[in-house]
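Let me begin by presenting the structure, written as structure tokens, before commenting on it.
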Amino acid sequence: MGEHDAAGDPGRLLALSDGVFAIAVTLLVLDVGVRDGLDPAGFRRALRQTVPELLAYALSFTVIAAMWRDHRRIFAGVRRVDEVVIRLTVVGLGLVALMPFPTTLLADYGGRPQAVLIYSGAVVAVDAVHLWLLRYLASRPGMLAAPRPKAETRLLTADLTLTIAVFVLSMGLAYVSPTAAKWCWLLLVAVRLGLRWARGGRSAA
Amino acid sequence: MGEHDAAGDPGRLLALSDGVFAIAVTLLVLDVGVRDGLDPAGFRRALRQTVPELLAYALSFTVIAAMWRDHRRIFAGVRRVDEVVIRLTVVGLGLVALMPFPTTLLADYGGRPQAVLIYSGAVVAVDAVHLWLLRYLASRPGMLAAPRPKAETRLLTADLTLTIAVFVLSMGLAYVSPTAAKWCWLLLVAVRLGLRWARGGRSAA
Amino acid sequence: MGEHDAAGDPGRLLALSDGVFAIAVTLLVLDVGVRDGLDPAGFRRALRQTVPELLAYALSFTVIAAMWRDHRRIFAGVRRVDEVVIRLTVVGLGLVALMPFPTTLLADYGGRPQAVLIYSGAVVAVDAVHLWLLRYLASRPGMLAAPRPKAETRLLTADLTLTIAVFVLSMGLAYVSPTAAKWCWLLLVAVRLGLRWARGGRSAA
Amino acid sequence: MGEHDAAGDPGRLLALSDGVFAIAVTLLVLDVGVRDGLDPAGFRRALRQTVPELLAYALSFTVIAAMWRDHRRIFAGVRRVDEVVIRLTVVGLGLVALMPFPTTLLADYGGRPQAVLIYSGAVVAVDAVHLWLLRYLASRPGMLAAPRPKAETRLLTADLTLTIAVFVLSMGLAYVSPTAAKWCWLLLVAVRLGLRWARGGRSAA
């Protein structure tokens, strides 16, 4: 690495990013657990109570992993970063690293509108930063090793915009029905899978 | 890195993986400890109680390290990843990052069948994902820099299948005797060491 | 990596650094949260109490991210490190990894002079080590792949010196008024942004 | 990375190692802190009680950083690793990742012989593994990109042996006087600094 790590090289920015994503995703497990020293009946009850914790874990792992996949696609082929890219990336990482907080909130208070609101707000904020990064890089082809196919930029823009729209919608729904808001998220997964299937599969790794 | 990190480059996927493995393995230590402020007798008693915690730590460190070694062997020589590989890897990481939960369960409730069942289930799930990844890559030689020797694929398949079989067996045994189930795991170590020895040692780093 | 990682290669030192920065920054979230099992009124009250925690999170994320950006600029183009550089970097990392402690202190006891004093002291210590590293490398051009522009060294020196001066000043102010001391920090952000703007923007990524 | 990461490449082993060292060293801070909600007098008292915690933090950060520096020197120039090297490294990492446990023990029960004994034992175990790794690599020059100077191997062997000797000695002393045992460690720092000075400084980065 050393000698190639000139002023604009993205190597360390990506190393920091992968580190933050890896840790944010791994810290989620600290919310899953059974207290020590319970009697058999208490143990079985506590074990059943880990089910919503495991669901919140699975949801947030999926959400943060999807953010990482977007991040990876946004930075694919980038060979030079400037201060704007670094600042935007760092702000995005600050929001990603915060995700364990809304995740715990959702696991413990999933029925309260505020928990759904804060969770959705965090996702919207990360995806808005990623959308900004994508558009910024799209208008500066000199930062890429090879021009990015227009179709890939369009696809990523569509994916991020759709996710933002669904989570904003779920923020509105949260005050009517937190449960309906969460069904919105499942709808998103279905729509994205459907879209990918319609496009013919694994074109964009 | 920068300029080589094209769309299908595995660099960041491996960086994320190594990060998750490193953190999952290091978080295990949070379960080992002695409460502050004990009197001399309480301190000695608490110190003796760290022995099962240290055993659970050693077991899970060994298990997760073995998963990492499998992961490293599966990805050795891979120069291009597609969306299927990324998704499978991420699902595997989600299960690896969860390991501190069954580890704590085993340390605190090692005599309960459910703890042994959940622990074994988590190991089986990770190894099933790794087996899937291995078979997927084996059928797509274009993703590798050089064709992988058939013997290496066979060996890895055998190792993963054997581990899955033993842990599934221990899941069945757990309800009869959690202790017998755990002796199964030691048997696995003995068999794998024996197999390796029979094959003549360090052929596969 | 392997074959290039000769005795003086900075690769692993930077990998360790990025790891420590990523973890220090991600551990900050452990201070933000709402206790489980509250009634609706208690939940709303606890949620309001996360606001100062979120502010402390945002402040420390920004501060540590700024330290990382300085670190990245100091090591840009460095192709060889000696024992002095390694030791100074490790001391700096020890102080960066400590940051979650003054951050929690500030979130919980922001009105006490000692909290402001310890927080400022930690920032001053990290920046002093970074300044030392910068000057050490500036006087050993053989360690760099290409000579660093004098303007970049001057700029970084000015940024670090200004930050140290402001935080030392805030340490003095802390005993008069902890609040005034914290306004000092906002002043710093304004001055640095102003200076950057005056220089014409993104010259130094 | 991708295409170069052939079967014996040390890249991922070093990435895992740097990750584990970075996390072990950063988790140490979780032991330093002041409880929330204290009155002014309680706050000042709690703040004074962070002093031994900070000392234990500084000691363990220094110790783990020294282990990382040894690790980096042992692997400098290694371009191929076999299964023995991987297993030894993983065992070493398992011991490094455990260090937060003896560190907390020492911070909370520094006056008890057992705490000093366990702490010293952990250090001895890590350094013994590192010594084994060093000797193993020294006898297999084919694993290195260029032959390692004999003086460097001798120097590292001496450093590791000296550290092991001092910590074994302190284990013996622990039952006579835990305080004397800890003074032993300071003696080690003085001797190592003296030796380095006598050899003329930064020959070995």
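Labels A, B, C and D are assigned to the chains in the order they are written; within every chain, residues are numbered from 1.
Basically, contacts are C-beta pairs under 8 Å (C-beta built on N, C-alpha and C of every residue); 3 or more make two chains touch, one makes a residue touch a chain.
Predicted model, so just to flag it, every value in this text is computed and none were measured.
Q: Would you identify the chain whose Cα-based centre sits farthest away from the centre of chain A?
A: Chain D.
Q: Chain D and chain B are one sequence twice: same or different residues at the contact, by the over-half rule?
A: Answer different: the two copies use largely distinct residue numbers here.
Q: What is the distance in Å between the mean C-alpha positions of chain B and chain C?
A: A distance of 36 Å separates the two centres.
Q: Where the CA atoms of chain C average out and where those of chain D average out, how many Å apart are those spots?
A: The separation of the two C-alpha centroids amounts to 25 Å.
Q: What are the residue numbers in chain C that touch two or more other chains?
A: As it turns out, chain C has residues touching two or more other chains at 1, 9, 15, 19, 22-23.
Q: For the complex, give me every residue of chain D touching chain B.
A: The touching residues are 1-3, 5-9, 12-13, 15-16, 19-20, 22-24, 27, 81-86, 90, 93-94, 97-101, 104-105, 108-109, 112, 114.
Q: Quick one: which bits of chain D touch chain C in the complex? Just the residue numbers, please.
A: Listed in rising order, the residues are 1, 4, 9-11, 14-15, 18-19, 21-23, 25-30, 32-34, 36-37, 40, 43-44, 47, 50, 57-58, 61-62, 65, 68-69, 72-73, 75-80, 145-146, 152, 201-202, 204-205.
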